[in-house]
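Here it is, the structure, as structure tokens.
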Amino acid sequence: MIELRSLCRTYRMGSEDVHALNNVTLNIKKGEHIAVVGPSGSGKSTLLNILGCLDRPTSGSYRFSGKEVGDLGEVELSGLRQRWIGFVFQFFHLLPRLDAVGNVEVPMLFAGVEKEQRRQRSRRALEAVGLGHRLRHKPEELSGGERQRVAIARSVVMGPRLLLADEPTGNLDRHSAEEIMDLIEQMNAEGLTLIVVTHDPAIAKRAGRIIRLEDGRVIEGGVDLQPES
Amino acid sequence: MPAAMDRFVFALSALIGHRLRTALSALGVAIGVAAVILLTSLGEGTRDYVVSQFTQFGTDLLAVNPGKVKTFGMPGMLGGTTHKLTIDDAEALRQIPGIKSLVPMAIGQARVEGGGKGRSVFIYGVGHQAPETWQFPVGQGRFLPPTDPRRKGATAVLGPKLSRELFGEAPALGRRVRIAGTGLLVVGVMEPKGQLLGFDLDDSAYVPVATAMDLFNVDELHEIDVLVEHADLIPDVVEGIRALLIERHRGEEDFTITTQAEMLDTFGRILGIITVSVSGIAAVSLLVGAMGILTIMWISVTERTREIGLLRSLGVTPGGISRLFLTESVVVALIGGLAGIAFGLGVAAIAKFVVPTMPLKTPSAAVVIALGMSLVVGVTSGWLPARRAARLDPIEALREE
Amino acid sequence: MRTIDLIRFAIGALVGHRLRTILSVAGVAVGIAAVVALTALGEGARRYVTGEFEALGANILIVIPGRVETTGAMPFGGVTHDLTLDDVRAMKTRIRHALRIAPLAMGTETVRYGGLSRSLPVIGTTSEFQEVRRVTMGAGRFLPEGDMDQGGSQVVLGIKAAEELFGSGNPLGRIVRIGEWRFRVIGVMAPRGRGLGFDFDDLVIIPVRTNLAMFNKTTLFRVFVEIDGADAMRISEQELEDLMEARHRVKDVTVIAQDAVVESFSSILGAMTLALAGIASVSLAVAGIGIMNVMLVSVSERRTEIGLLRALGAGKGQILTVFLAEAVMLSGFGGLLGLGMGLAAVAVFIEIYPAFPAAPPLWAIASAIGMSLGVGAIFGVWPARDAVKLDPVQALARR
């Protein structure tokens, strides 16, 4: 489903060029559970943002479900993010002024879904993550684990094919972290391709394949030689 | 006081840190101040213009008109009272001490024919002292002869424009003109004087007052203009005239005496009110500008909660915190005020350069007031946020994430 | 994105920061209120003045003795050829479209009754004046119809003049002295106020012939000619000028169409109103800058939120629209609030001065609403574009 070929992402910092991603080649098949690991500054976040179409490569190719992302315009990229890609972040990033249902509705707002439908889908998504009893609560009234679950519900409410998680358990205690990983792994089992960026080896071990980055390069696990299942 | 200086610099650093924000807040005040300055300049310039229009006739002038109606500028022009204001009245006034010269007047319109052409203009029937009373010199020849004003002379003096219209570039002296069938000899042409509130004095003719009264079939004067020796004598002269005329009019005060000072006074006051009102409208924008600064300062307090907590933990008093924020808002407002003053003065200068006749004059009082207003804006808009900042609990503030 | 969702989303953001929203809205409200109130006053002045002229009756030509070639100066005072009652008679016969003609003579004299006296304007005219000038009587009647050469000794008083001389007593039937002459009061006019420079409540009206005799004059002050229709105005104006020129052998009268005068007054006051509105708009500009400032701060505060929205699939255009909508709503609410405040102020003014027809013209209300929306749009564009330029990558890396 995902193919990166000789992908580079370079920033200009002052008078120097920083190669956040340097000649990255990898592929990811549908339904895989991938962990992306590496030390600080290795380019994990950059990779995630490229994969999530939040950033464009400086050079190289990124094919998502056969489409060349570099050729797509702004509107089409937004559409990709809207329909096919879901995000989960370390710091949850819920809107404090909305309750749980309201937060999960946000992506549907921008997709033009009408009110009744939004309500229903949002409720269902929250029930699916076990928060059916917390629908009207604001983020400040929820625990860390509950907030992340709302974020997950939000990320899957549009029915994406790919879920990108950036340190999803980084801000949670041990117990909540387990619950969250169980949750997204369950979704992965149901067919959602899952990519988790983490520096926690315990989390990384749960993945089907580990891609290791260092200094912007893939040093391990980039290309899976097994055929697509 | 070096400590105060440091605090000031610290306050400035916060403002410089958010340059755009500061600039926009200051801009709001600047626009308001510039508008006030420009409008005040316009008002002052207009007043100057009108005053100069009047004072070109000298300031120690007063006018006596028939009738007791005191309308602005044109008292008793409707004429017709049973006790008429006569040439005899005018001559009688001469005995009053302090009077330098006087002019009995009867005005009308008629067609002046001369040099084969004709023109309908204002005819001023006057006494021979008109030039010195009105500071209105003769250009060519001389003015009307100093004969008995009760006699109908057959002389005329033309305004320069009228002369040109009738006789072209040729000299008018010695020529004859006809006004309503009466033949008159041109003995002089006036110096160009220009307009007074719409009346073109250069496009008029000046004839002996008795002649005019005969021409227009009126038996009383429209006005007597009196030139007083100098300004301090005016009140006495006014009283003298009043007493004399009441006596001559059998106890009736059916005339009006207006001093030029009164007229200018009234006008000045009216214009002053207009200027202040209009500037007041512009000043409303300063209120809006103050609200803008208040909003930004308030947000700033929220943003810098941790910084405030830190400062408190370092020993700064609530008063010190409050003073810090107050200084910031005052500085922003003053910057805006100064910029607005500069902009307002600049625009006025350019406007005067491009259109020299434009009435613009910036009174220094306006600049001072503008600065004062900016200061007030700064203090009032900073007060609430400063109080809020001072009241923050340092522990809570530092706990803020 | 649906419009209603967009509006709700923007409102949600604004409500989240109540103080800054309130202050920004208030700024625009003040500006709009000022514009509305001022244009209402200006329009009131304009309507008052034109109303005064319209009270004269439409289709009136005014004949004034004297003609001056220098522009701007209105003729007044002594003239060589009198405008006489004979001239008026000629007008009656010769001007085809003349419906009514009222001559006017002027003077000032002391009016006495009992021990009281007042120096008042004394107008001499005929019964036609009542129609031409739309005079309503408070008591009694106006001057009787009849030959204008018949001087009578009747007098009609203005309401203030009547009160000054008679107090609460009934003036009708009483004899007053005007100068040395005696007159019988046959009517008192209803309160009317000022019009065309005369205070109609503070004068007396006598037959024109008597007036001319009393002030020993042969020339009239004005002649009012009411024409039977607007289309006949131009021809009648020319006919009057020609007739007078033929009679006086010179062009020495000025004929003014009353609507021309109204026109010029109306346009002067209209320009003045516009100027006042312009000055009030300075407040709007300042308010707009305030909104811009607040929005810029808001954008930088909501960096993470913007990044998140982008991650959730919002397009750049949509983000722009959201922030623009917030700015427009701030100024829009401000506009509505200001409209309300301005109208309330006008209502209060009308309470205090019922005679003054202050009312904001429709164009002012429409442009006030337009301006308030426009302010938000114009001053919101820059912050909105700023929001779009934000790099979601960096934003989301933070808390």
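We just call them A, B and C in the order they show up, numbering each chain from 1.
Quick note on the criterion: a residue touches a chain if its C-beta (ideal position, glycine included) is under 8 Å from a C-beta of that chain, and two chains touch if they have at least 3 such contacts.
Keep in mind that this is a model prediction, so the values were computed, not measured.
Of all chains, the one whose CA centroid is most distant from that of chain C is A. With centres taken as mean C-alpha coordinates, the chain found closest to the middle of all protein C-alpha atoms is C. For the pair chain B and chain C, the distance between C-alpha centroids works out to 25 Å.
As a whole-number value, the distance joining the C-alpha centres of chain A and chain C reads 68 Å. Between the CA-based centres of chain A and chain B the separation comes to 74 Å, rounded to the whole angstrom. Residue positions of chain B touching 2 or more other chains: none.
Shown for chain C are the residues that touch two or more other chains, namely 399.
Of all the residues in chain C, the ones that touch chain A in their complex are 1-2, 5, 9, 12-13, 15-16, 304-305, 307-318, 392-393, 396-399. The part of chain A that touches chain C in the complex is made up of residues 45-46, 49, 52, 54-55, 74-75, 78-79, 81-83, 85, 87, 89, 91, 93, 95-98, 106-107, 109-112, 114-115, 154, 158, 166. Chain C contributes residues 19-20, 23-24, 26-27, 30-31, 34, 38, 66-70, 72-73, 75-82, 106-110, 119, 121-122, 179-180, 215-219, 221, 250-252, 276, 279-280, 282-283, 285-287, 289-290, 292-294, 296-297, 301, 399 to its touches with chain B in the complex.
Of all the residues in chain B, the ones that touch chain C in their complex are 20-21, 24-25, 27-28, 31-32, 35, 39, 66-69, 76-82, 106-111, 119-122, 179-180, 198-200, 203, 212-213, 215-219, 222, 252, 254, 278, 281-282, 284-289, 291-292, 294-296, 298-299, 303, 401.
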